[in-house]
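Shared chain: subunit A. Partners: subunit B in the first complex, subunit C in the second.
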Partner chain A sequence: MIFKTFEAKEIELKPKELLKALGQKLKETDYKAKAAAIKEKAAGAAEKLKNLDAKKLVSDFWNGKPHEERRLGDLYIPGTGLYKHREWRGVKDTLYYFNMIWLYNYAHMVTDIMKYGNLPDFIKGTLRYRWMGQTYLTVMHWFDRGMEGMRGPALRGSAWHYRGMTSETIRQFQAMFASDKKLHGGVANDLWKKHIAHNETVSGCIFYPWRDVLDDVPLEMIPYFVTCHVNNHTVLNYIDAAQSIGLPADPCPMCQAEYGIFVLDDYPDYAPIMITSNEACDGSVATSILQDWFLNRPLFAMPQPMRYDDPLVQKHCQKEIEACWKFVEEQMGIPFSWDQYVKYAESFNKLTEFEHEKWDVAANTDYYPINGVAQALYRIYYSQDGDRPIWHEVDKHVRKIMENSVEKKINSFPKTRHRVIAWSCAPLYYSNWCTWAYNCWGLNCVINMDSLMFDQMLRTDTYEHALEDLAWFNEKAPMRAMAVGGHEHIFQLWEYMERFNCDMVVMYDQLQCKGMQGIHGMFEDEFRKRNIHAIWVPHALPDKRTVSRREIRQIINDYMTTVMHEEPLDPTLVDFEDGDSW
Partner chain B sequence: MKILRILGKILWPLLKITGLAYLILFLVFYFDLDGKLLYTVVEPNLARRYDKMERPDNTAMPYGKKDPVEA
Partner chain C sequence: MRDLKHIIEFEQLLEEANNDLVRQAKAEGKRALGYTCYFMPEVLLDLPGCFSVRLRAPRSTSPDMATYYMSNRTCMYGRCLLERALEGGFNFLDAQMATETCTVTCRFQEHLQMMDIIQNPDFFCEFTDVPFKKNENSIEHFMGQLEAHVLKPLREHFGIDTSDAAMLKAIEEHNEVCRLINEIGSYRKLDIPTITGREFQIVQLVSLTCPKYLIIDKLREILADLKKRKPDKKPAWRCKVVLAGSEDDDPDFTKLIEECGALVVADRHCYGSMPGREEIVVKEGESPLHAIAAHYLNTSECPRFMEQHTMRERKEKLAQTVKEYKADGIIIEQMKFCEYWSYERTIDTIILPRDYGIPVCSIEKEYVNNAIGQLRTRFQAFVESIEIKRLAARNQEENTPEKQEDMA
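Let's look at the complex of A and B:
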């Protein structure tokens, strides 16, 4: 058994080692300095007591402190991202956070584990897979990071988005564990024969014709994508594993991590077939080849064109989808069902309709109750995953909160100084940068590129229309449409800036994305020409070692002070160390 | 009255236990004790377990070998 200190030192929990460490600590302690510090603290507290304003104290307790007095940075234990104590948000919001977010989600994590599978499989999966054990137990801290400083409807609406993602994540990993050969003595059980594995970038909509009889589960969504957001330590093992067998280090680290999972044999074996894609780029093609090698089972590669606007490629895309359907029919022995396709496509259209309503509120009012990180992650997750009951349940709650917010004209982000649009692919290890940016600088990230993908209703009146729309839907996937899909799509930024009334751009600069690197200079020229405030945020997608979160904050700080000449709303958030945090 | 007294005898201790449990959970929440336990004990021990785990060398499998799959 080992114990990790807040200074990230690991100590063996053996009596001898412990005593040694304790003795060392006692020896190293400067008691004089400690006594002086205590004295100073006591003097400070006495001074505070003298000047105590009882009325203000009661108001701060009841309503929470005003934004500028919160000093959220003081709550962190340096380096760890842990809190000395969680934020006091006033009685109402603190109790809401405790009851309806912290307790509610811990309790529902347990009930979801039972609902979507069973406890023994969950324990086996936790002990077998690094991406599972090291990541998902820390999920409430992911909530904390995303919800810092949030109050009222923004706290409630954003937390419901997180709840949806958590529940769907549990459904997916429990589905994988229940049918995983590796957890069941190498035996393919009945569930194994009823699963389809596919790349996380192959849309779940493709599999609607079998949704009632087969379960399609994306292979890397949970082991790779979601882990980066929840606990960014995990993914580094997979990136290093990919490079350890001599594969190059310069492709997209997403692709590296995806095949690194296979190099480390950390993938669950839960389905007889695999469907792969070329999103986002040639790096993904390499992933498909490596997966074909490691998985050793029937695999269908479904590449889609990068320059998809060309009308000549539409028929080709549709044929690719039909070939995929034929592959599923042949391999699984279950015929395509038009009725099932219609049922799920129409249900999914309802999610898209509500998304459009949300965009309208975000674009045209100050009453949108969803913060930047919840908006981005929820949208990309459900639109990639396809129709599932949990998304409808979440939308029902969010609709109620949003309508109430609009009706009562509640501005959830009253300290907004700039309405920001975030463009290109985000740093997965710091998706909650926008929560920090609002708390520290009043930068309100209203919308982001990934949210605007998959903007396609799916017609179900005829087979031909359905196929046409599904092809478009698949072509409008996040990285294909606006990273490698041609400059006309990437430059849609200007239209969206206007539509969402944004006055500033946070321009993600994925250092290992050749598509976006190729257009960097053109963006620089356009920003100057159009006189747009744009902050370039370099990052390496899931890999926090290339550009740390602290460095990202420093870049934004520098721009806000030297270019915008603004003062931080909360100075304690300007610079702090969180290198070892999840 | 007697029923109320009996109910009180059962409900009051239940209420006390629930109240205490609620208070303890609130303290765990407020002082981030769940996070601290995961950071200091759970994560490092799980990570050590995964580090030590024996794993097959997938790269040893020849590329192109295809087993028949029963679906």
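Let's look at the complex of A and C:
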């Protein structure tokens, strides 16, 4: 008999010989030995069953495994950092995660598209802009990374923060797409004429007087800053583009990425005017200047003084804000509305009030239900963005969770070995390091530097008070307040350590931040003098190629083993590769 | 050309921050006031009873101690200054009049403020906030800052007379130095200049780092000497360039450029004379302090100015300088890790050839110039490229139909 394969190869089959060989094999088989082996296995299984702690099994199923037994690292597909499947957190939390986080957010990612704009613009934007196309579907993995190992109130509270950020991001990019000349045949539609573009470092509070008639959208917030957290591969292209036209590799990579978006013409053209700022560093100022050449439209630079402790700088700062308002009035043809300012400033104050309550719980109790990454990202996002309905909605949910947590004394981070304060500017491609650090080492990042910025209530009783507070508010913007602008602010670290009862510092070492690099040695001296455990975590803001996530983990691992002499809570998390993951 | 009068003496003065003239002025009871940036008006530090010293760290090598404090990822100028301070090289300073302008020099000065580095019991360090715009709001703000952080401390610490009359006198003396330096510099505008870029830089640096009242006669003599100075019959240079960019207080760097065949005819950088040596004009009814504040903001060409028109005017001004000094191109230098100039250099390198047709050689350098070999190659190639362009233009001109008809 001849058998023909797909490749037309002919194989001769000999059925008789095959049957003969099979009979021989059957004859030679030792059935007794096989039976004994099966018996032995059955006995082993029976023994196991006998020793099985059914109660624990049920408990693990119902509540999820205890921290030390979770082996979260086994969930990753080796070499990728992607999940084989999500973890079992117990019945209640797994169901919550599936329904209220995964399903709820996926559903809202669809409905928000319709709520804040329309589907055709969304599709056009996704296809036109690299940062959009590469990040939208990776959002849920960003949730997974941030919520890994979280249970109970921490899972719920942190997820609400993420939900708020996702919703506001959709609102912003839909606003940009709906008015984007590039998506509408180069034509300036009516919406284009009703938008104000500004640097992501200009606070949204500046535009409250026009919030009812105009929409202010930060230009780089979504294209660069948010997308980088969600998918860290996206931004690399822009950094390379900036360097491709001659920019050296050493300036702040955040500024480089912002600039690269312009080099590659990957920014939406959604507004007739632009407001820039000097927050916070030389690179930021220089980037604004470069962007001006690309944007080529009326631009108002609204610098704020760097040495803002000096009472003499306040008037100057206030006048710059007023000049900015005048510029908006003149360019957009819409008068300044005091009533609108008051309305939004007072509404925003409620967010600040709640933030203070959160800090109080975080500082003085073990019942704070927000993890480090949710705290850091949410706070910087909403305080930079200004008052929006979604932040109030989130705060309402979080308040309920937090009050319940405090009332019932639920410690969401029971394996805390050290209360950590994270200082200086964080690695954007690994903002969830604190989730890992808690799961692996019990390092609970209670608060971070960026969260403590914009700490200013906005008075609205008189115009003068309003202007005074708004100036202070802007002066206390993230980088200006700490990374540069006078060493006094950076060294407030010691006060905050005491206030938040922290015993350890994770000192972000942004390798290209001249302000922080320029004061490196003094921090070393102070840490030694004060006998403080500080882990220096080098990174390059959005550029994961300089120091990878794995290297960051290794640095923390090394400190925890060689200096602190501690054992990991979850050894499977000590070392794994996730360079290819989002 | 024969040596310029006083040039060797001036060169020696630049080998040390605490040089002979600084020591002489200190011995005469005057207060030495350090500063790093053009935004600190030197005219105020030259009020009667004190003198300005713009800080340099000549003969620096590896700033190891400063690198511990500021890491090796910051501008080497700032680190070399800190190293020199840690070595005791700035102990002669009575005060550091600091500015919040570029990050690394700001950090250097904060080290002086926080650590007990300067071994002088009178020493203090005071910061002035410098605005980012040139409008009236900024001038008023700057005036307030200068009054509070320069004049007041000088009065209180050293009893310096900071009255309008004293300021007017300081302005007059300052303007005299500026006039002399400008006149000396004007010889660079000649078709065949009678002063080299390096010589001029030495003169300019001495005027920044030594007490002015001790050099003014020497400047006059240099000017008199220049009036008689004859150029070489066959000049060594092959083209003329404008040197623009960030901090540069190293005459040897200019020498390196000139050795490659490019005569430096204009110095538009942090320690240069443009801006730097414009006379201060006090209008009728204007307070001297207002005039000073306005002058230093309005004349500055620093890339930290953010207004739209200012950024565009900077390019225009640079292009005009090339024309005025009959230069063939621009060398734009940037101190490694200087963020302002890394961006400004990038955009200059694109805009100036594209919009103004000016050849640009764009380089990064360190404060301690180690990479001489590579830089020499770059400069030589730039000079050659200018020569090739010149030849091509001449050939094109000769081949026009009119010329060919004439030849026929």
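Here is the rule we go by: the second predicted complex is superposed on the first by the 529 of 582 C-alpha atoms of A that agree within 3 Å, B and C clash if a C-alpha of one lies under 4 Å from a C-alpha of the other, contacts with A are read in each partner's own complex, and residues count from 1 in each chain.
Here, a residue touches a chain if its C-beta (ideal position, glycine included) is under 8 Å from a C-beta of that chain, and two chains touch if they have at least 3 such contacts.
This one's a predicted model, so the numbers in the text were calculated from it and none came from an experiment.
In the overlay built on the shared chain, the residue A:Leu103 is in contact with subunit B alone; subunit C does not reach it. Contacts of A:Asp250 after superposition on the shared chain: subunit C is touched, whereas subunit B is not.
Looking at the shared chain after the overlay, A:Met457 reaches neither subunit B nor subunit C. Of the two partner chains, neither subunit B nor subunit C is touched by A:Ala21. Within the superposed three-chain model, A:Thr138 lies in touch with subunit B and out of touch with subunit C [touch as defined at top]. Once chain A of one complex is fitted onto chain A of the other, the partner contacts of A:Val406 are absent, as it touches neither subunit B nor subunit C. After overlaying the two complexes on the shared chain, residue contacts for A:Trp293 are found with subunit B and with subunit C alike. Once the two complexes are laid over each other on the shared chain, residue contacts for A:Asp282 go to subunit C alone; subunit B is not touched. The residues of subunit A shared by its contacts with subunit B and with subunit C are 245, 293, 298.
Taken in their complex, subunit B has these residues touching subunit A: 25-26, 29-32, 34-36, 38-50, 55-56, 58-59, 61, 63, 65-67, 69-71.
Subunit A meets subunit B in the complex at residues 1-6, 10, 80, 82-86, 98, 102-103, 126-127, 130, 133-134, 137-138, 140-141, 144, 188, 193, 231, 233, 237, 245, 262-266, 272-273, 293-294, 296-298, 331-333. The touching residues of subunit A, counted against subunit C in their complex, run 245-248, 250-252, 255, 259, 276, 278, 281-283, 285-290, 292-293, 298-299, 301, 303, 305-307, 310, 312-313, 315-316, 319-320, 323, 484-487, 511-512, 514-515, 517-522, 524.
Against subunit A, the residues of subunit C that register as touching in their complex are 68-71, 73-75, 78, 100, 102-104, 106-108, 110-111, 113-115, 127, 129, 131-133, 135, 137-138, 140-141, 144-145, 148, 303-304, 306-308, 311, 334, 336-340, 342-347, 349-351, 362, 364.
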